[in-house]
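Look for chain A in each of the two complexes below; its partner is chain B in the first and chain C in the second.
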Partner chain A sequence: MKPTGFSRLSIRRQEEITGYLFIIPFLIGFFLFQGLPFIISFIISFTDLQFVTNIGSLKFIGFKNFITFLHDNTAVESLGRSLLYTVLFVPAIMMSSLILALILNKRIMARNAIRTMIFLPYVSNIVAIAIVWQLLLDPRDGPVNLLLQSMGMIHLPMWLVGGTHIVIPTIVLIACWQGMGFNLVTYLAALQGVPKELYEASEIDGANSLQKFIRVTLPMISPTTFFLTITSLIASTQNYSIVQVLTKGGPGEASRVFPLNIVEEAFTHSRLGYASAQSLVIFTILILATLIQWKMQKRWVNYD
Partner chain B sequence: MESKMINTETTHKGYFKKKNRNQMGLIILSLFMLIYGILNLFPFLFMLSSSFKALGKVFEYPIRIIPETIVFNHYVELFSPKYSFMRWYANTLVMEFSTIVLRIFIVGITAYAFARLRFRGRDIIFLIVLAALMIPGDMTLVPRYIIYKFLHITDTMWSMVLPYTFEVFLIFLVRQFFMTIPFELSEAAIIDGCNHLQVFYKIILPLARPVMSTMILFTFVWAWNDYITPYIFITNVDKQMLSVGLQYFQALYIDNYPLQMAASTLILVPVILIFLIAQKSFIEGIATSGLKG
Partner chain C sequence: MESYESNMNRGADELNRSRKTLSWAMAILLLISVTAGCAKNTTKETSMETPQASSATETETPQATEEPKKDFTLKFAISAKSATSDENVKLMELASERAGVKVEPLVLAGEGVEFDQKLMLSLMAGEGIDIIYTNNASILKYIASKTAAPLEDLAAESSYDMDKVFGKYLKKDEGRVYGLPAFVDIWITLYNKKLFDDAKIPYPTASDWTWNKYVETAKKLTDASKGIYGSYMLDYDVYNYMRAKQLKVKEYKDDGTSNFDDPAYAESMKFFYDLGNAHKVQPDFLTFKSKKLAWDGFTNGQYAMHVNGGWSIGLMSDPKAWPRDWKFGLLPMPSVDGAKKSTLSVTGMYVIPSTSKHKKEAFAAITAMAEKQYTLGSGRIPARVDLTDEEIAAFITNNLAKPYANDGVTVEDFKAAFFNKDQDVVDEKMIGPGSTKINQAFISEGELYGLGQKTLEDAMKAIKEKADTAIKEEKEAGQ
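For the complex of A and B:
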């Protein structure tokens, strides 16, 4: 074969050119679908953009959107509900998945079957899950309340149709049930990575189970705890789907969390700029929370 | 060694007792966990059994898991042309297939370049790309809507397929695996006159079957279950995907619980089957990405 232009280059040089050629399709797509949206969301947060077609004539209005936000009761209240959601969700899913992982890490019978049972909701379609939970938790006819009633309970919980203090914890419960599998599997892998010698050594030192858990297990799995706390935190702010399919923000506005508010501002009221500014608020809070975690990790995360 | 032997000797009796007690504890714990696991699955059992019940028999008390009379009607009805259900099923499958094909190629060659080719700026580009993992997707819905409008891909499956294709997490997952394949293999092939594209599909791809199947699994499950993307970017009923379609369906047949349950079951079955068949590779994928992340 006659050497063409490309194959006359040195192997090293060919490798370099191939490298760029191979990543270019991805980089274009990455820019278009990840980088650019991020940049645009910053820019339009400071504009009065309403409809996409008006994009040519948009006006920069400085921090006006953010000032409007501070005086917008619906928005601030929905941010409060999101905060309540996060404060309930993160500790609940972290603790329950750790406890389940500790149990499943023992030599119990049928542990793989049990792990599968706990994991199954994680791969299930959220709309299907929502429909069945709505039926299960129906305050009048649902099996859960009928069971409670037969056990003599008089004031039956309203679950998904109750006020903020009932509906948000109910959604959190369902979200934990659904998301548990991911945390559980990650924790299990971490627990299996703890060297047996460490437990043996502390046994020789006379440590009991609780001491072993506090002195050996917890520090050894702390990088995983750190990782899962961050991912659970991010997951808790991405709760649009689960809230929308379970309650659509209702009853009334009892479960209208921040992402629901943003989507409604953007796509029902066509206030794209204002909605973007609200996204920026939650993003800033999230970055701050992550940074604080990052700073604090030195105190409790063990990386040897 | 000597002292250890004596030690076990003397405490042998006590140890045996302790072991027995532990055994009992484990059995009780196993039973407890088994009950927990079954309770955990109760919503699925309820869904399945309700889908075979006659209208008005869903809310019986005490609950019957096995219906009095088994009714197949709802499933037969769902397949009738009266509903768009089959249409949504087909849309979702086409979308899945396109995503998977594009991902194998794009994620494959990108991960190959980042893992196995040396070029200037590679590591810094990779770091910038990784930083995007921190951006929550819901935050950029508005700008994505604007971009998709300009690209004329709203109301088409491409508003799902294209963003999926360029997701960063999978690049990371696949790159980690590619780095573990011995470099001698590709060097030898290059000296024999193969180009890198040939090395990629003749040598790397066959060896990377485990990670590629993990990627396909993740893709299938995520795309199948995604709700917010089709909800925001697709409004045409005929172009809709299953997730949102199911919600339309629920709103239309608000009182027909068995029909809703049958539709829900039909959505869950493919994913659950695939998960049960391939759960090892799915769970390992999550565990490794979790530990490395």
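For the complex of A and C:
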């Protein structure tokens, strides 16, 4: 029988079409909920749009929103806070999760229970986490300050409520504790994939534990480190929820990070054009940081 | 007889066909599931609606009744907490009766600023909301966003004279009316008689009720070792500048910049934070923030006096929500010593969104809500100019004071707090360019001052700078 329609195509072509059919649902979702809003946001950032309902009287104002941003102390300072958050968060979560993964990769007592405990915050409700930490860090009579007091500390930290200088590091600490589970599990998988022969060979060569870690472990898990660095970097810019539930940007504006500023401009002050411009600024910074890392990875990421 | 090879080929072909069929089927299934997820469900408009509200969606089933029954309901956007209050339940019943259509709550998530954000988003997204509540300051954003419908044509259509009923309380923007005022919320003082009795201190009187007297009395009542405080105030923006407002100090200078370098604003802020931090007559500000003390904390019986909007008297009339075993008293808001008696006020109003599909019915509903809300026994003062003195007097006696007779709160107390003609009533809200950001500046800088993180001078300087920037931005945006 002569093949017709789809069957007439080569196997390779048929497989290609089938593959595309599988990813079409995702592509539709991606375009509708991410691509299209991004394009709209990009366009809006060059307009004076305040309310969607006033879209008829929309005016294109070129780069005015971006110029306004450069002169807007509140916005620039909130971007600075976000950068500080990232600078603290990414190394902290990477190092702590790697150290814990190295420990939990050994045969220690109650290993699985400890792994579960570390992973638990990752799947816990952020509001519940906020309530627990707010109680722990209550500057008046929270257990942490009571402990510090009993140890003789006089000037107790104000943590989330009144600590204008300490509030961002405190939020980073909580965010690391919460997000560490994912990094830990990924690192554990990577560590378990390092061939034992390499350690045996390095032992024969007389390598000590530190040398084995630096010369064998780190290079072998470098693709995982690269992946986790990128995802942690992105996660560090998506800190709206945790900051909102912990401090709402306070005390004063001490923890008003960039996402909070964007949401406030868009939905409290109804400056959609200006808020979109700010979103584009953080998007550009993120893309640049990722590209730099992508280029730099050739120097330290080992895929062999 | 077919060869082994041809059998194998046919088998492989069949397997390939099955795989292709399966692949197609799965791809189509995925596609359907994605599009189904995106499709609008006409029977369940929003998961945030109450069960009652979700049953209120339009139905296409014709009703076999004598009169043509309206096959829709009106949606009143409201927060979860407000939706179940006695006052709002009764209010919706009143509105339903006047409109001839059931008015039901459309519950939106959050309270305060979060609720406002959600509401604005819902309105801009064109969600089917027919009635919203706002006040004389916040209505400006609905007008600017064109999400509030002008009411003149609707009033003319139903021969309703808005000026005759609401007169001076009608908020007009460029000559147009966008909302019907329902009540004037006047600031008052509530006090806990039991704590006064326990401390053997006579109840204060309205005639000489000033801030100095308030602080003096609060000091006598405070016994921090027992957790008893003489005063309780919240962290609302208005507390930061209430005394400057009472003194009618202008918010804007003649040149259009802010007037927050006027010493009255610094004095007002200092006075408020001193209550907790210096005089210790209420929890200090760090305790207030770290313990997240509640907006309705006065009802727990630990605080002797509470200055707040007149709405707070409603807390005293709902024993289910706020049970108490003590009686309360009512006074006017304390006046600034040496100045004329004064209090603050805000006008609550109902607005029809421009996206409402049932404006005619919604207008009928909001006329009932605006005219009658004060009759529902929640301490609301009517924003009407058509009531006679006799009607007002009857309202105070039979309606306003009646629910509180057991507390010993008299008609005279209500008259002194709400209807004193010798008392200036000043707008509580900042109304003007940049007002949203100005209020935010007061909250954030006030917080830093209250927590001891900034000096008063630095906080006031920052407020002035932020306010001037906000004014400039808003003026530029409006050009």
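The criterion applied here is as follows: the second predicted complex is superposed on the first by the 271 of 304 C-alpha atoms of A that agree within 3 Å, B and C clash if a C-alpha of one lies under 4 Å from a C-alpha of the other, contacts with A are read in each partner's own complex, and residues count from 1 in each chain.
By definition in this document, contacts are C-beta pairs under 8 Å (C-beta built on N, C-alpha and C of every residue); 3 or more make two chains touch, one makes a residue touch a chain.
No experiment lies behind these values; they were computed from the predicted model shown.
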Handout entry: Which of chain B and chain C A:D138 touches, first, second, both or neither
Key = both
Exercise for the section: Using the superposition on chain A described above, determine whether A:L233 touches chain B (first), chain C (second), both, or neither. Expected result: neither
Practice task
Look at A:I61 in the shared chain and tell me whether it touches chain B only, chain C only, both, or neither; answer first, second, both or neither.
Solution key: neither
Handout entry: Touched partner set for A:L32, first chain B, second chain C, both or neither
Key = both
Problem - Contacts of A:Q50 with chain B and chain C, given as first, second, both or neither - result: second
Exercise for the section: Scan A:G252 for contacts with chain B and chain C and give back first, second, both or neither. Expected result: second
Practice task
State whether A:T18 touches chain B only (first), chain C only (second), both chains, or neither.
Solution key: both
Practice task
Please tell me which partner, chain B or chain C, touches more residues of chain A.
Solution key: B
Exercise for the section: Go through the superposed model and pick first if A:V123 touches only chain B, second if only chain C, both, or neither. Expected result: first
Exercise for the section: Go through the superposed model and pick first if A:L84 touches only chain B, second if only chain C, both, or neither. Expected result: neither
Completion exercise
In chain A, both chain B and chain C touch residues 14, 18, 22, 25, 29, 32, 52, 138, 142, 267
Handout entry: Of chain C, residues touching chain A in the complex
Key = 20, 23-24, 26-27, 30-31, 33-35, 38, 113, 116-117, 120-121, 123-125, 141, 144-147, 286-287, 289-292, 354, 436-437, 440, 444-445, 447-448, 451-454, 466, 469, 473, 477
Handout entry: chain C partner contacts - residues on chain A that touch it in the complex
Key = 6, 14, 18, 21-22, 24-25, 28-29, 32, 48, 50-54, 68, 72-74, 134, 138-140, 142, 158, 161-162, 164, 249-253, 267-271
Exercise for the section: Using the touch definition up top, name the residues of chain A that touch chain B in the complex. Expected result: 11-12, 14-20, 22-23, 25-27, 29-30, 32-41, 44, 52, 55, 103-104, 106-111, 113-121, 123-129, 131-133, 135-136, 138, 141-143, 146, 150, 177, 182, 185-186, 188-190, 193, 224, 227-228, 231, 234, 237-238, 240-241, 244-245, 259, 262-263, 266-267, 272, 275-276, 279-280, 282-283, 286-287, 290
Practice task
Please give the residue numbers of chain B that touch chain A in the complex, ascending.
Solution key: 26-27, 29-30, 33-34, 36-38, 40-44, 46-47, 50, 58-59, 61, 63, 106-107, 109-110, 112-114, 117-120, 122, 125, 129, 132, 134-147, 149-151, 162-163, 165-166, 168, 171, 190, 195-197, 221, 224-225, 227-228, 231-232, 242-244, 246-247, 250, 257, 260-261, 264-265, 267-268, 271-272, 275-276, 279, 282-283, 286-288, 290-291, 293
